[in-house]
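There are two complexes below, and they share chain A, which is joined by chain B in the first and by chain C in the second.
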Partner chain A sequence: MNELVFFINNVVIAGCVAGSIYAIGAVGVTLIFSIMRFAHFAHGDMMTFGAFMVLLLTTLFPQAGAAIGIPTPLIMLPFAMALTAVLAVGIDRAFYKPLRAHGVKPIVMVIASLGVTLMLQGLIRLFAGTGGESLYVDDRKEIFRIPLPIEGVRVPVVITEPQIYLFALTLISVVALHFFLSRSRLGKAMRAMSDNPALAQASGINTNTIVAVTWVIAGGLAAIAGTLLSLDVTFKPDLSFFLLLPIFAAAIVGGVGHPYGAIAGGFVVGFAETLAVFNWGILLRPFRDSLPEWLAQAGNLAFVGTEYKIVVPFFILVAILVWRPTGIFKGKVI
Partner chain B sequence: MSTTRTDTVAAPRRFPLREVILFVVLLAAVLGVYGMMGSAYSTRMLVEASCYAILALGLTIQWGYAGQFNAGVMGFVALGGFCAMFFSVPVNDAFWDSSLPGELGVVLAYIVGAAVVVFGASRLDRIGVPKKLRTVITVVLAVVLYLVVISAFRGVADQIESQAGFIGGLGLPAWVGWIVGGALAGGVGYFIGHICLGLRSDYLAIATIGIAEIIKAFLKNSDWLTRGTATVSPLPWPVPGPAEVGFTLARAMYLSVTAVMIAAIFFLLHRAYHAPWGRMIRAIRDNEISSAAMGKDINKRRLEIFVLGCILMGIGGAVLASFNSLFDPQGYLPLNHTFLVLVMVILGGPGNNLGTIFGAVAVYIIWLMSEPLALFLMELAVHFGESTFGWDAPASMDSRALQARVFVIGLLITLVLRFAPKGLLPEKTKHVD
Partner chain C sequence: MSAIIDVRHVNKAFGGLKVINDCSLQVEEGSITGLIGPNGAGKSTLFNIIAGALPLDTGQILFDGEDITNRPADQLFHKGLLRTFQIAHEFSNLTALENLMMVPPKQAGENLFATWLKPGEVRREEAEVRRRALEVIDFVGLHHVRNELAGNLSGGQKKLLELGRTMMTDAKVVLLDEIAAGVNRTLLGDLVGNIERLNREMGYTFLVIEHDMDMIARLCDPVIVLAQGSVMVEGTIEEIQNNPEVIEAYFGSPAA
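Coming up: the complex of A and B.
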């Protein structure tokens, strides 16, 4: 049973954490894709920017959280979301809108977004340095150890405070997004525009407003994902290149332009990653005596080492592009 | 009887004023660097710029000729560098004299055997096994065999690391590694292109970014093959090294080798561009549907040009690694080996080989000169801050100043796309009335 608890700690919880972060990121990417029809490569850096804003605000007002009783970074999160949303709209106005007005091919927009990636990365590293920093400036990271009431289990289930906030916030943002897209006027207009931009414009939808709203949502979600990731581990200015591939893999697995698919895709990629780096030999240990010699002797039965984690989303991406390029939920645009 | 046809695509001949002015300015800049930094440094700069020019030519045929965006130049460069290292580094006797080569061979044979078994299982439906059952059998077999084989492989790799360091090289001349590097990069390009080129162009960008990071992770962590972060040096040169004839002369000889390579590549590309093949490639780029209607096999042509570009990148990467005389997997950075090349191409003129070479040399000079400039400006800012506001500058100022260059490269990309999308030397196209 100890092995099973180990499995829960290392796969179920870690997979949920990675999956939630990829899901929130992939929703932003897929929304941008469905409205503006290009792969936004600067999304990882918008996440880093959001986390950096939280770090900045938390360093400025380290005591704010103690007054209410929740960690300071979470109090600063709404402000960081607003700032990131403003940044996203500003980037669109300054760099993407002129290109759109020129009617360039989508791939040129992709290159422009890579340029924006480099600019954001340069700025963030210029101000934040290149090392990692913890977002918990003045607070303490609580770690909950939950012992299981089963005979013979010595290892507790371990879950940390930021992980609980992460699950809660993921749930809240997914539900809020669902109601926004299905109930509100703006959300319906967004869906109309993603289906058929020309028809949406002809029926009186202001496409400029929709584009701006998309950036606000994408920026806000990016700030949430970046902050939660940095809370769980540490804030690193060069996160984005390692986030890009899993997030895009998640968006494509779920079907590009399909927000619910992106959420599912995020969890698929997150769990695939943790399952692939998990050492399966541990689960075989209780049955050691009844196994054939060659299998019992094999020490490390992980599919890939942790240093090759990035292979997993790539493999998923390749597999989905080969067998089902529209994604598991049939995205609208390929 | 004349057999030459008039080329209706190339522009009519005129005096190339723009080209002459730009190249004169470039020559003046090179001479200025020679005057300021001395001949040894400047020759090194020129050799590196010429290696980058090979990379940029590879990217310009992908992006300029065919409109494919490869965002993973770094991966192909690293593959080329690895081949240059693997073929030219002296033989490691500690490895070959032990029993390890045999064990490694056995494990490699296992890997091949497992691959054959899995492939065979995937063909079971040919002998009447239901398709669903076949898929299940194949997947289960693949997972189990993979786990067993990779476990055995890890054991041998660990033994090699502890007993012999790494497997060493083959001790062959450098150019063998360059050729194989190009071939290997082309093979990886074929794999990626085969999957992505039929889909939206964004997918190619995502997949190439991914493969570049994977290649880097593999080279960095396979200590048994590449010594990983410990790096391998020195790599032998194809010409006499600095120890024999002095820095400037040795580098000048290396420069002559790269110059000959660029001239050959340039000539071949020029011929290809004006040949029927080049016209077909451009026709596909400009209007896929009409070229498909003319009976052209679009996906095959695209794959051809993507692989060709990757081969050039592999060769360029190999030449660069040999010249640096150092193989350091961690030294391959997206900024230095992907985005710098991208800036060279889009600034110089995608689809115009001369413009690409101009862009490569010009951007590389700016890139090298911007390092001291960034440090100088940062120092100035710190000094100003200290004297005016009593600002206490953080200690890591030097590493931060270099990040300003990341910002500048990004800004350059967006500005060029916005204001000069065809580059400084645009591709010449003639419009037939």
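Coming up: the complex of A and C.
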């Protein structure tokens, strides 16, 4: 049973953590794609920017959280979301909108977003330095050890405070997004525009508004994902940049342009990663006596070493695309 | 009668190619005006300019006395200037009926709070919109495919759906871009009848681009002939058909 708890800690919880972050990131990428039809490579650094804003605000007002009783970074999150949304709309106005007005090919937009990502990363480095910083400036990171009431189980289930917030915020974001897209005027207009932009405009939908709304949502979600990631580990200027590829893998696996697909894709990629690096030998330990010797003696039975974790999303990506070329959910429109 | 659409000295070039050349024309309120001309005459370009899908280079367009030059299509929609597309557009993931039901603007069900706080109103309104959409879908003869995904309809059926779309709001002017292309002959008769009925009973003004001369002859008065980006002649269909200039523009000059 101790082995099973170990499995829960290392696969179930870790997979949910990675999956949630990938899912929120991938939803932003997929929404941008469905409206503007290009892969937004600067998304990772928009996430970092959101986390950086939280860090900045938390450093400025480290006591704010104590008054209410929740960690300061979470109080600052809505402000950081707003600031990141403003940044996203600003970037669009300054860089992408002029290109769109010229009717450039999507690949030009992709390269432009690559330029934006380098620029953002440089700016964040300039102000935040290159080292890691904890977002818990003045608070203490709680770690909950939950012992299981089963005889013989000594290992507790370990979950940290930021992980609980992560799960809760992911759930809230997903539900809010669902209601926004299915029930609100703007959400429906977004779906119409992703299906057929010319007809949407001829049906009285202001496409400039929809583009701006898309950036606001994508920026807000990016800030959530970046902040939750930095809470779980520490803030670093290149933190989310390295998540960019798994996030794109998640968006593509789920079906590009499909937000529910992106959520599913995020969890598929997250769990695939943790399952692949998990040492399965641990689960076999209780049966050591009845196993053939070569299997019982094997030290590490992980599919791939931790160093090769980044390979996993792409293996999944290729495998799923061969099986279903449009992703798990049929992608393209919201 | 007064001009509801007034195109004044419009010019438009794509690169070095001058497509619309000092074009001026009026569409009278309550008329079904035909717009014909040989390929490359600039009909569709002019249509797109009026409908707000393309910016013009110089000139002015008035709609009901108001300057609408370079206004985006969504604003024109709210003013009652609607268009159909030459290549039919549809929301492919919605059914034919849903495509019509989404057209009326500002429905209560589109408001996140109203769906929770005023479910009765939302239901009532949706039932009303559905009733109207069903009427329209009967009107354009698509009743049997109303629950099919619009993306799966045939080209001709999509064209009829386009016409239906324009009937879901209180349009003043509808720009019909080759509505007959790809629609079979029997349906075409209904279509002409329906357009006439909309014009007579609902007071819609139509501006029609059409290659099908039969349809132009049955439907349109007056007819405007466009050639090389400007108006060549305007008159009744008989006048047009007997005009030597028009014959030359369509068939080339008679061999000397």
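The rule we apply is simple: the second predicted complex is superposed on the first by the 332 of 334 C-alpha atoms of A that agree within 3 Å, B and C clash if a C-alpha of one lies under 4 Å from a C-alpha of the other, contacts with A are read in each partner's own complex, and residues count from 1 in each chain.
In this section, a contact is a pair of C-beta atoms (placed from the backbone, for glycine too) under 8 Å apart; a residue touches a chain by one contact, two chains touch by 3 or more.
This structure is a prediction, so every number in the text was calculated from the model and none was measured.
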Review point. So if we stack both complexes on chain A, do chain B and chain C clash, or do they fit?
Key: fit
Point to revise | chain B versus chain C, judged by how many residues of chain A each one touches | key: B
Exercise for review: Scan A:Gly115 for contacts with chain B and chain C and give back first, second, both or neither.
Suggested key: first
Check your understanding: Regarding the shared-chain residue A:Tyr260, is it in contact with chain B (first), chain C (second), both, or neither?
Key -> neither
Exercise for review: Please indicate which partner A:Gly204 is in contact with in the superposed arrangement: first for chain B, second for chain C, both, or neither.
Suggested key: second
Practice item. Quick one: classify A:Pro325 as touching chain B (first), chain C (second), both or neither. Key: first
Practice item. With both structures superposed on the shared chain, find the angle between the C-alpha centres of chain B and chain C as seen from the C-alpha centre of chain A, to the nearest 10 degrees. Key: 90
Check your understanding: Where does A:Leu244 make contact in the superposed view: on chain B (first), on chain C (second), on both, or on neither?
Key -> first
Review point. Is A:Arg183 in contact with chain B, with chain C, with both, or with neither (first, second, both, neither)?
Key: second
Practice item. Note down the smallest distance between any C-alpha of chain B and any C-alpha of chain C in the overlay, whole angstrom. Key: 13
Review point. Can you list the residues of chain A that meet both chain B and chain C?
Key: 333
Review point. Which positions of chain B touch chain A when the two form their complex?
Key: 67, 69, 71, 146-148, 150-151, 154-155, 195-196, 199-203, 205-207, 209-211, 213-214, 217-218, 220-221, 334-335, 339, 342, 346, 394, 396, 399-400, 403-414, 417-418, 421
Review point. Which of the residues in chain C end up touching chain A in this complex?
Key: 51, 53, 72-75, 77-78, 82-83, 85, 89-94, 102-103, 105-106, 109-112, 115, 165
Review point. What residues of chain A sit close enough to touch chain C in their complex?
Key: 179-180, 183-185, 187-188, 192, 195-196, 198-199, 201-208, 333
Study note, to complete from the structure: chain B partner, complex, touching residues on chain A are 38-39, 41, 95, 98-99, 104-108, 110-112, 114-123, 125-126, 129-131, 241-242, 244-245, 248, 252, 280, 294-295, 298-301, 303, 305, 307-308, 310-311, 313-314, 317-318, 321-322, 325, 333-334
